[in-house]
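What follows is a set of structures to go through.
First chain A sits with chain B, and in the next complex the same chain sits with chain C.
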Partner chain A sequence: MKKYGKAGFYLLLLAGAVVLPLLLNMSKKGKYQIITLTLAMVWAIATLSLNLVLGYTGQASLAHGAFLGIGAYTFAIFVERVGLNFWLALPLTCLFTAFLGALVGLPSLRTKGPYFAIVTLCFNVIVFKVFENWKWLSGGLQGQKVTIPSYLSEYWARYYVVLAFLILVLLIERQIVKSLLGSTFIAIRSNENLAEAVGIGSFRNKLLSFTVSCFLVGLAGALFAMVKGSVDSTVTNYLYSFYILIYLLIGGAATLAGPVVGAVGLYYLLDRIKSIGEFRYLAFGLILIVVIIYLPRGIVGGARQLWDWGKRQYNKREEVPE
Partner chain B sequence: MTLLKVDGLTRRFGGLIAVNKVDFEISSGSITAIIGPNGAGKTTLFNLVSGSVTPDEGKVVLDGKDITGWNPHNVARGGIARTFQTTALFEELPVWVNLVIGRRMRTRSGLWDALLHTPRAVREKKETTQRVMEVLSFTGLGGYADQPAGALPQEAQKRLAIAVALVGQPRLVLLDEPTGGVGLEETDNIIALIERIRATGVTVCVIEHKMRMIMNLADRIVALNFGVKIAEGDPQEVCQDPSVIEAYLGECIA
Partner chain C sequence: MSFFFNQVIIGIQLGSQYVLVALGLTLIFGILDISHFAHGHMYMIGAYLLYIIVVRGGVNYWLALVVCMAALAVAGVVVERAVYRPLRGQPQINTFIAAIGLILFLEALVRGIQPKALSVPKPIDKNLNFLGTSMEVQRLIVIIGAIFFIVLLQLFIKKTRMGTAIEAMAQDREGAALVGISVNRMSALTFAVATALAAVAAVLMAPLAFVSPEMGSVLILKAFVIVVIGGLGSMKGAIVGGYLLGILEALAIAYVSSAYKDVFAFGVLIIILAIRPTGLFGGRDAV
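== the complex of A and B ==
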């Protein structure tokens, strides 16, 4: 019974996500909002990818902005300069990003904790500088155009494509996290020395987690290029690494819903208050401070605690008459 | 039959020789105790055997196989499990998940099994659950299964640490002060557990300070002081050894 309730809840959410564009289309600025939501879902995929390596495996990568940009450019170059088919370019982009991720992970995962964060941040800065200055690669100020198939030229079609991929990534991450491999990752996050002592090769598993994470963020990059229709060097900016990190922390690391809630919620919110200009980042900071102090497990973690607390109170009330 | 052979094991930390040419043997199915004053090198000796510290000289041989300098996770896979002096657990995770992780090295399913939910993934999950249940009841932790490991009482945490070591079916377990910080009555629980472990055919090596406990429990005792082995033998012999009395005991209580 309880299980059906949960499935029903997810189906309701899905139905809501499917119907939403139809409702929004009736309003005046509907098109703009649908595009905003589409981009928000792309960020949700990127945040889910970081969740695997940071939330579950405990390795704070600050290179995900770089890999997002690399994914976006790889996709653009595959489609425009190599002339690959859209649906062939997509998986190839993911594979290429994953391969680069493994190459970067090999040396950088030898470091631990804050050192790993710094090494990956350095990588991101280097990638950003390369794309900024190497005009042949990045296409200079105009960037690189991305042609998409005509059946995706409508903004709402892209919304549904991104939604489908978001659900796919959620399912993939769920499968991993609930598996024995997932428990291996969580063990490394929880106590790396003990994990080693019970026979878990931590380096190998961290590398696997990082590589899969890069595969997923490569997908986010490719979808980003598809939604925008072009990419320029700003997409590799290390600021995006921090955005993704903040989406994750606020939404709730090591939960499946957290990255989606954090990325979609914050991206949409920040877009709504665009009129106040740069001041909106003050709100960013404020939310972050409040969440880190009062909700160490993010919004989703906090909601879960509240739910458990409510359930305990309810059970207590039932016990009293006996 | 000799299960573990330690031969001339030496480790220096700067000018300090923490473990100095120590050799001893552990025979299959026995309980061996390692005793000595604080700073005698007992824990370093465990670290050398389990691979978390690399020896400068000497050899560690497990069942005829030289495992000197192996990574900790390979030593664990080779059949030596250990616990830590300051109880190490996956604290925020439920007790049963701690045990699932402890069993992980005996399962092989990886990324593809997770994504495609292969028959191997299903089978290994089932086997793991079975083994976890066994160990939960063996160590008397069944009532705690769903609680976070860090929330357990001290003595239960010590038993859980042993359970995590046992669930991967090692041949030898190294227990670093399994009763440290545990009250007298509860100590008996853990002694009984160690005896039951031996009864299942697993060899035990234990670092311990409570002499009364060791006298009844151990088949053999190795005494260390300043990194050097000062005595070895059965409890009676070691207890009456003048150098042990001088270094450690003050007087023999048996």
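== the complex of A and C ==
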């Protein structure tokens, strides 16, 4: 019974996500809202990728903004300059960012904790500077155009494509987390020395986690390029690494729902309060500090704790009369 | 030859601000184990405070230096109290993330109030002829001022009781607590000293560069590079590393390319950490 209830809940959510554009289409600003939601889901995929390496494996990568940008550019260049088919360029982009991720991971994963965060952030700054200054690569100020197949030219078609990929990524990550590999990652996060002592090759597994994570963020980058229709050098900005990190932590690291809740919720919310300008990031920073101090497991983690607590209280009361 | 000499002087002047910021960071990061990533943004706040005091308030530059130092020392204590103390004992990555929150907060605050870059007038707007090269007096003020404060910091650490307590904590935190050194008071003191040093760097440098909301973000990354290469908690390492990076950068700008100067600095860090994950001069292990 309980199992079916859970499945039903997920089906209901899915149905909601499928029907939502139809409902929004009726409202006046519907088109804009659908595009915003599509981008929010792209960020959700990026956040899910960081979840694998930070949430489950415990390595705070601040290079995911760079890999997102590299994914977007790789995709754009494959489609525009090489002339590849859309559906061929997509997996090739992911493979390329995964390969690059492995290359970056090899030296940087030798470092630990904040050192790893600093090294990856330095990598992101390097990538950003190169894209900013190398006009041939980045296409200068107007950026690089991306042509997409005609059947994807409608904004709602792109919404469903991104939604499908988001579900796919969620299923992949769920499979990884439930498997032995997932337990291995969590063991490394909890205590790397202990994991080593019981025979887990921590470096190899960290590298695997980072590579898979880069594969997924490459997908997010390609979808980003598809939704936007063009890319410029700002996609490699290290601020994006910070944003992905914030979506993840506020949503809830090391949960599957957290990244989606954090990314979609925050992106949508920030878009709604665009009118107050720079001051919205002020709230962003404050929320981040408060969340990390009082709610280190994010909204979803906190909600789950509350749920478990409530259930325990309820069970206790049931037991007393007996 | 005089061109080269000029570049070296500029490098020493660039290095002076790196040393001042990196010294504060090595105190906080090396002794308290707090990856205070927002240290560069405290520097930025210092520069804006200088602008308000000198340009809007019309106060003398040297008096402003003292006021900025005092104000930022207080700000440093507030940050330690409000943000980092509740996180003590938690995984270090949480502190790092709180620091990122602080960065976003401070940058948005300043950008929301004043998005444009500002400039602060030089206190002595003259050029000096020196060994056949012309040199702005402000550059010499930066170099001499930095040396003055570096020496002052050394005297404080080595000669006063409070400084000795900081050093004791750097060597052995449990031991220091055992002999009655209050960890709370010492971390507040460390933050006060470190942030005042950032204020010095900001006040000295502001007349030579524009004051802008993002001026601290690349600087702090460089300071981290210096601290990591110089060894965690090592003041000697921070001083040598800071001047070295400044000179190398000035020469790279002059002889190679100014657009890619940051690429060199950060590329060097990645290579060094790849070969020696705990920094060049050993230092403590960061876990």
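What we mean here is this: the second predicted complex is superposed on the first by the 322 of 322 C-alpha atoms of A that agree within 3 Å, B and C clash if a C-alpha of one lies under 4 Å from a C-alpha of the other, contacts with A are read in each partner's own complex, and residues count from 1 in each chain.
In this section, a residue touches a chain if its C-beta (ideal position, glycine included) is under 8 Å from a C-beta of that chain, and two chains touch if they have at least 3 such contacts.
Bear in mind the structure is a predicted one, so any value in this text is a computation, not a measurement.
Enquirer: So if we stack both complexes on chain A, do chain B and chain C clash, or do they fit?
Expert: Taken together on chain A, chain C would fit alongside chain B, as the superposition shows.
Enquirer: After lining up the shared chain so the two structures overlap, which partner does A:Phe86 touch, if you call chain B first and chain C second: first, second, both or neither?
Expert: In the superposition, A:Phe86 touches no partner, neither chain B nor chain C.
Enquirer: Taking the superposition on A as described, I'd like to know which of chain B and chain C A:Phe99 touches: first, second, both or neither.
Expert: A:Phe99 sits against neither chain B nor chain C.
Enquirer: May I ask for the angle at the C-alpha centre of chain A between those of chain B and chain C, rounded to a multiple of 10 degrees?
Expert: Given the fit on chain A C-alpha atoms, the answer is 80 degrees.
Enquirer: Contacts for A:Tyr268 in the overlay, against chain B (first) and chain C (second): which applies, first, second, both or neither?
Expert: neither
Enquirer: Now for A:Ser183: first (chain B), second (chain C), both, or neither, which partner does it touch?
Expert: Once the two structures are laid over each other on A, A:Ser183 reaches chain B alone.
Enquirer: Counting only touches as set out at the top, which of chain B and chain C does A:Tyr155 meet: first, second, both, neither?
Expert: A:Tyr155 sits against neither chain B nor chain C.
Enquirer: Looking only at chain A, is it chain B or chain C that touches more of its residues?
Expert: When the residues of chain A touched by each partner are counted, C comes out ahead.
Enquirer: In the superposed model, how near does chain B get to chain C, counting Cα atoms only, in Å?
Expert: Chain B and chain C, overlaid via chain A, are at closest 13 Å apart by C-alpha.
Enquirer: Take the contacts of chain A with chain B and those with chain C, and give the residues found in both.
Expert: Touching chain B in the first complex and chain C in the second, no residue of chain A appears in both lists.
Enquirer: Write out the stretch or stretches of chain A touching chain C in their complex.
Expert: Result: residues 58, 60, 106-108, 110-115, 117-119, 121-123, 125-126, 129-130, 133, 242, 245-246, 249, 277-282, 284-289, 292-293, 296 of chain A touch chain C.
Enquirer: Can you tell me which positions in chain A touch chain B when the two form their complex?
Expert: My answer: residues 172, 175-176, 178-184, 186-187, 190-191, 193-202, 208, 212.
Enquirer: Across the complex, what residues on chain B touch chain A?
Expert: Within the complex, chain B contacts chain A at residues 50, 52, 71-74, 76-77, 81-82, 84, 88-93, 97, 100-102, 104-105, 107, 109-111, 113-115, 117, 121, 124-125, 128, 164-165, 168.
Enquirer: Could you list, by residue number, the parts of chain C that touch chain A in their complex?
Expert: Touching chain A: residues 35, 83, 86-87, 90, 92-94, 96-98, 100-109, 111-112, 115, 218, 221, 224-225, 228, 259-260, 262-263, 266-267, 269-271, 273-274, 277, 286-287 of chain C.
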